[in-house]
Amino acid sequence: MAEILQYFMLFLIVLMLALALFAVKTKDLLSAVIASGFISLVASIVYLYLQAPDVAMTEAAIGAGITTLVFVITVRKTKGKEK
Amino acid sequence: MWIWYKVLYALIVVIGGLAYGLLLGGISRKITARLQGRRGPSVFQNYIDLIKLIRKRTAISHGVMFFLAPMFRLLGGIGVLLLVPIIANNTALSNFSFGGDLIVVLYFMVFGCLGMALGAADSGHPHSALAPTRGLAQMAGYELPFLLSVIGLAIAHNTVSLSNLVAAQQGGILHWNLFQYPFLSIAGLIAMLGMYMAYPFSVVMAPQEIAVGPPTEYSSTFLSFMFTGRSIFGVGKYVLFMDLFLGGATNLVEAFVKTFVLFLFVVFISNVFPRYRTEQAVRFFWTYPLVIGLIDFIRIFIK
Amino acid sequence: MVFFAASLLLIFIGLYAALVKRNLIKIIIGLSIMDTGVNMLIISLGFVKGRTAPIISLKDLFKKGSLLVDVSKVVDPLPQALVLTAIVIGVAVTAMALSVVIRMYSVKKSIEIDDFKELKW
Amino acid sequence: MRKIVAIFFLTIVGLYMLSLFAQIPFGKPYKGVSEHYVERGIVENRGSNLVTSIVVNYRGFDTLGEVTVLFLAATGLSFLLFSCKCLREFKRIRSSLVLRTATDTLFPLILLFGAYIFIHGHLTPGGGFQGGSVIASGVMLLFLAYRSFHVNHKALSTIESLAGITFAGIGLVGLIYAKSFLANSVISLGQWNKLFSAGLIPFIYIAVGFKVGAELSGLISDMISTTKED
Amino acid sequence: MVNPVVIIAVTLIAAFSIGIFQFLGKKFVRGVFWLTILFDFTAILSIAYGFLTKVIKAPIMVKIGGFPPPIGINLYVDQLSAYLGVVVFFIGAMAAYHWINRGIDDPEPKALVLMLLLLLGSTGMIFTQDFFNLFVFIEITSIASYGLVASKLDGFSLEAAFKYIVVGSISSTFVLLGAVLLYKFAGSLNMLDISNHINKSMYSGGMLIIISIMFLFGLLIELEVFPMNGWALDIYQGANPAVVAILAGGIVKGFYLVFVRSANYLKFPYLLKIGIIFGLATYLVSQFFAWKQKDIRRLFGYSSVGQLGLLILAGAFYINGNLTGFAKKYMLFAIIFFVLNHSFSKSTLFFLADLFGKRNIEEWKGAISQNKFFGFLFSSSVLSMAGAPPFLGFWAKLFFILAIPRQYFYIVVLVLIGAAAEILYYFNLYRIASENDGEVLDYKGSIIPSLFNVLVLLGLAVLGAYKFFTITGMEIQNAKFLAFITVSAIAVLIIGISRIAQWILALGMLISFSYHLIRNQNFVSVFNIQSFFVILVLVGAVIFLFATYPLSKKYSASFYPLFIFTVFSMVGISVASNWISLFIFWELMSWSSYLLINQGSKKPAWIYLVMSAIGGYSMLAGIKLLSTGSNLIPVFKASAIAAPVWAAILIFTAFLVKMGTAPLHIWARDAYGESPDGFTPLLSGVLSKMGVFGAILTIVYLIPHISHSNIILYGLAWFGALTALFMALLAVFQEDVKKILAYSSISQVGYILIGIALATSLGYSAALYHTVNHLIFKGLLFVAAAGIIYRTGTSYLPEMGGLIRRMPFTFLAFLMGIITLAGIPPLSGFAGKWLLYSALLEKRWMFILLIAMFASIVAFMYCYKLLHAIFLGQLRDKYRDTKEVPLPIVIIELILAGLTMAVGMKPSLILRFSDKAIKTLGFSNPGYAYEGAHRIVSKFGYWNAYFMAVFAIGSFIIALVLFFLVKAKIRKVGQLDIGYAGEVPDSPESVHFGYDLYAHMRRAVRVFIYPHVENSYRRIYQGLMAFVDYTRRFYTGDLNTYALWVIITLSFIFYILYKGVF
């Protein structure tokens, strides 16, 4: 059980890094924003594993929720695409 | 009482110097004329001119400084003559020469020239500045080698007193500075040519260019004063150079001879060379005589 | 250890975006990734293997017969408290930055750095 | 070129930092003040959630600052976006029926959930910030669902202010009655694992919850722009 | 006393409540805002006052939440944080007032909330003793700043804000990481607790060092350290000036305190290294980059950044520099003074820049000359910023330099170079702003905040001086005298409405001061070199002040106060008893004389100032070399220590600059030539003599202890000789009466330098004699020139001519002055020459003698030129009705002319004083002897002035009598009635030729008079400018680059401090 959890965590970490790279590399700002939101979401799961439920909750609500929302609104308002 | 004797002697020296100076001027004109194949005026022509000028009745003045200028000139001439010892250690003829006199003489020589220049300028003559500025520029030229030789001699003999300088040169012709320090002497003597504004350094007086130079506006009594001053000044300078390079004099005859030799030196040189422009003259003085003089100068410096 | 390395990597990926990307929003995304990385780093610093979350809702976490909690059973709560604050601060900064970006866009109709290089030298 | 330079120097910094973290053991027991927090947290605060105890009580001053930061962000954002033409260009589209229906149903629940979170901050995971943001996400849902929805800024602002003043005021009360700013021992601490326990912590967290909820809602509304002309 | 936490709580409640009050109206919001500020300010002030009066003895410790420190957060308020809090709130209030006054950005309540929270954040930052709490407060401060910086909402401010946000985020990330890692390392977040856990040996482990670096590096970014400060400069340039004022004036100082304090708590062993590298780099780079800056706000920004660099350096030394005893105290005061000075003056400057509105400094033309009050505020803050005495910046710099250990001498040098560079660009701005021409420009808005700031600055100046003198334990007379000077100057300034009243008061002050001095038995009985110069200064000052009366109408009200300032500071120099007090008064003299010259002409004044600054600072560096570990204030003592060669050379530079010795003379011509006519005599006659005084002191007290001192002295003599010669040569080709006199002046001072460099008693005699003599005749000439310029309205020689007819007295005096200048006997000039030449002969310095004598021959040329072009020749038509110069000037002229005559007859009038002075320099005799009453004897000969005068006057009288004896009728003829071809027309065109009289000479000496030196200075300056212009492109304005530099710097710091990885 514990081992599976560990592998799952490893997977999540790799996922996070991949998402981060994607967020940095992609030309589409909206995708990048969503990707970074996903990072937060994944991070909140990691926090749960690290015995930090409070932080996980906060990260999910604020990091993944509010932040992403603010990003999305901004992207919409600036009609942004990266050159 | 002493001072009155001094004054009396001084008067004699001044009158004698004037007479001698006028004579030299006459001789100079004569020699020049002869060299050019002319008869020339009488050697006493200058005496006649002076008397004529004094006797003239009217004079014009342009202002205070114009009025004072001949005074300055005369004063400068007399001063120089009286500050150099004609015969050292002679009560009568050592004049007012005293311990620090070399430096004083150097500065006093300017006094007359300054007065002259000021007076001329006060006339309002548009060209009045021409001669003084040329003169001053040329002075800056010849003074350098002259100062070089004077300082060299002063250091060499450890004195700035002309009397002491003369005393140091006694004891045979080879003790003269002319032979002791030949290069310094050459520099000094070349400077002397400039000082007399004779050819080739005559651009200051250049009659052809500046009408007749500073005296243009002067006439009669004023001119006579200038004339007097210049003659006396000339004699004073000959005596100075005699004291510096030719070992001074022990009696009047020797003094006459030596000054006359110097005079002839100036006259003959001036009849041989063409005239330099101001900047040429300045450059000349700052090169050849200076370099020549430096040889001895450095010799003294090292010693 | 993996968590440390991963967090550091996240931080540096975020920094890389801030250092290289020419798009203003991209830079802010980078900064927010960096924030996440920092937060994760801090949490992993407080983690202790085999211990439980610092929420004492069960009696068996107490030392016997008192309200004193057995320290050896709970992970470090302090980093979590700090991260809580850090997350909120992070969102505040992001919101500020994004509002500035919106304003910048309204001034120049662009969100590229190349259009915002007037202040220099 | 810039990329290479950036990667180069980031690598250098990264290596130095890696060398630091290589020396820090992962998952090993801690020491220091946390021992005190863990050991005596219940005794001193009666709140089951130690993180909350730390956040609100031991390091309550930080939280006050944190609240201020959020307040600042909201203020700054509305300051910067005030009457910005840029906002009007953004047209909100009409949403689907599904979304509207879901919103109608979910919104009260979300509100309730948020309130639950911050009221139980001292007992369960979560607290004022989490609860507040949950409430804000409910408001966000309203924005998505209804094109003409706008929040009452006056009300939000008043709630925000009152909540903030309450927080700082509680702190001052502590200063007056317990000689220490933000002191928790003004009222009875109550019993462990009960709703009414942990002294002033729940009150503070409720205030924070209101405040954060109002602030984040205001923030979202400022960004989406709910000026009447829309 | 108020509990510090109440300040934070109340501010917070106020900020929150504005959310409600905003619905009630603007007035309520403002009311809440101002009440809060007032409350906070009073509260912090009460705490600070408590510390100041020692009512509060220990730092205040406030537990929050009732937990003892390592468990809970606590506030820690010590003296420094309380003081800084006062400053922050004061500046904040002023900035807020300014902002509101200038039209605060909408919506106002939000702006005020941001402002309030900014102040709150910085206060919390200063007060807290918890690393994480610090991070929170830093974030509050930063976020408030982000909003405020962007508040103008134009391209500039938004760009700046965005850059700030990105760099600030990176910075706070490092702070956060550092704080948490510190917790991990030490198990606590409390600074004191961590400090107790740490000892220096832990840094060898490598872990702590990286943690500390990360934390401190985050703060270092906020401290705008080179090379990662591009964003800061952009803020200064782009943001609202009111915001910038509070940022630069208050907030950054908070960061500074936090940085230094954290480093102290962390016992960070490499702080000194970091401070030296980054502090110095920041300081120097910004001071030089500012040279080319045209945007005034960015210019101030560079200056602010530079000051921060200096502060970091000072802080590093204070914490980590192993300073002992006094040095540590000095450094602390240096830091406090730097902070106060910079906060108040820089915020004022930003306010004023905003009020005036123009960004480009070229558009500032006339800004302060046309708005008097504005000008006063601007000048005060600029002077204070640049470290002019008696402002606070000066004392700060002095403390700083004194405190730096001697082995770090290179830091002293570099800091002083930076300070000189700072003066250069600040006063370039000042020069433009004080330009007289240009359209009338006015400022908009209220100057009240600036006024308050400047009032504080003035108060601080007094405090600074008081503290300096009490702490260094220097003689209290210095302080008293400084106070006396200031009070006198202010008294004269106050009655500025009437020039006559000012004149009378100033004159009365000088005379009564002199009277009291002479009545003082101590002063008379101990007559030494210093008394000599005191008398010189006072006599010269009285004479020249008297002559200024007719000229004063066109001068501004500050002329006489500055005059008094200059004169008394010269007295101060003369009575100084140690090098530092000499330096203080020296700087005072330089600055006040700069301001005086600046009233005449701007560019020359600027050059004068820059040269003076270079001189003054090199003197300070030299003094620093003289100090030893325990003795920071070197006194004048011949046996003090073996002074290093460089000390003597550096100190000498200052004096050489003032003397105008080549090649440091470039300021002199135009500064003399274009300074106010009433001041030039003082400048030439007295002020340059202070250089002489200093040179004498140096040679007497320092040079003898140096090996090969002969070589140095001989070199100095060469400098003097070449100056004498070449300046005379340059004078010949000038066409402006004052510029000729200017060159002549420095040429004459060159003679004096030769005399000093001889270092024999005869040499000193000559130098002192010539000093007085030069005062007399050059004063005479300059006073006469002032009168002539006053009447003719021009100083251009070719436009004059023939004035002898209109101004006979002036001519007479002028002529005597010229004769004295030329050194022609019988007037007083000759005796000086004679003494000098004798001294040179005595030492057998033949070449120098040759040059000196030759220089005096060259002098004849310009002497004649002056007389000819001004007085002689034809009178110009436009001067036909010109009157004699005003009576006071005539009086002075005649007095001075009479003096030359009297001294010429009896040199002992001066020599009896110089003899006494020379005896105190350690010589048994003056180098010459008297023989009889009038004869002065040296080894080489003697000089009888009395006889010479009698001889000259006698022969003059004889010649005159002779002349009258043979006198013919003299007909007065008009000047135009001269006989050459044709007559001058009735309405006469003047044919007076006074232009380029020495054209022929010019051809001969072209290579010597070509302005080689000036050109090389210009080339150096332009080269530096070009270099600066190129290198300042370092700040590309590109955000990525700025961020990149942050990382590069971090890796650099890791690299130099920690080598454990690779």
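Miscellaneous remarks
In order of appearance the chains are A, B, C, D and E, and numbering begins at 1 in each one.
Quick note on the criterion: a contact is a pair of C-beta atoms (placed from the backbone, for glycine too) under 8 Å apart; a residue touches a chain by one contact, two chains touch by 3 or more.
The model shown is predicted, which means the values in this text are computed figures rather than measured ones.
Among the remaining chains, those touching chain B as well as chain C are E. Distance from per-chain Cα centroids to the pooled protein Cα centroid is smallest for E.
In terms of C-beta pairs in contact, B-E outnumbers the other of A-D and B-E. If each chain is reduced to the centroid of its CA atoms, chain A and chain B end up 106 Å from each other.
Measuring from the averaged C-alpha position of chain A to that of chain E gives a distance of 59 Å. Each chain gets one centre point, the mean of its Cα atoms, and the points for chain C and chain D are 15 Å apart.
A straight line joining the Cα centres of chain A and chain C is 11 Å long. Touching of two or more other chains is recorded for residues 3, 15-16, 19-22, 28, 44-47, 53-55, 78, 80, 82, 84-85, 88-89, 91-93, 95-96, 98, 100-103, 105 of chain C.
Within chain E, contacts with two or more other chains are made by residues 132, 136, 139, 143, 146-147, 150, 153, 181, 183-184, 189, 1040, 1044, 1047.
Contact of a single residue of chain A with at least two other chains is seen at positions 52-55, 58, 62, 66, 70, 73-74, 77. Inter-chain contacts occur between A-C, A-D, B-E, C-D, C-E, D-E.
Across the complex, chain E is touched by residues 11, 15, 18-22, 24, 27-28, 31, 34-35, 38, 41-42, 45, 78-79, 82, 85-86, 89, 92-93, 96-97, 100-101, 103-104, 107-108, 113, 116-121 of chain C. The residues of chain E lying in touch with chain C in their complex are 132, 136, 139, 142-143, 146-147, 150, 153-156, 158-163, 165-166, 169-170, 172-173, 176-177, 179-181, 183-184, 189, 230, 233-234, 237-238, 289, 292-293, 298, 1032-1033, 1035-1040, 1043-1044, 1047. By the touch rule above, chain C contacts chain A in their complex via residues 2-3, 6, 9-10, 13-14, 16-17, 21-23, 25-26, 28-30, 32-33, 36, 39-40, 43-44, 46-47, 51-55, 75, 80, 83-84, 87-88, 90-91, 94-95, 98, 101-102, 105, 111-112. Only residues 54, 56-65, 67, 70-71, 74-75, 78-79, 82, 96, 98-104, 106-108, 110-111, 114, 117-118, 121-129, 132-134, 136-137, 139-141, 143-144, 147-148, 151-152, 154-155, 158-161, 211, 216-217, 220-221, 224-225, 277-279, 282-283, 286, 297, 300-301 of chain B touch chain E when the two sit together in their complex.
Those residues of chain D whose C-beta lies close enough to touch chain C in the complex are 2-3, 6-7, 10, 13-14, 17-18, 21, 24, 26-30, 33-35, 37-43, 48-51, 53-55, 59, 62-63, 65-66, 69-70, 72-74, 76-77, 80-81, 84-87, 123-125, 129, 192-193, 219, 223.
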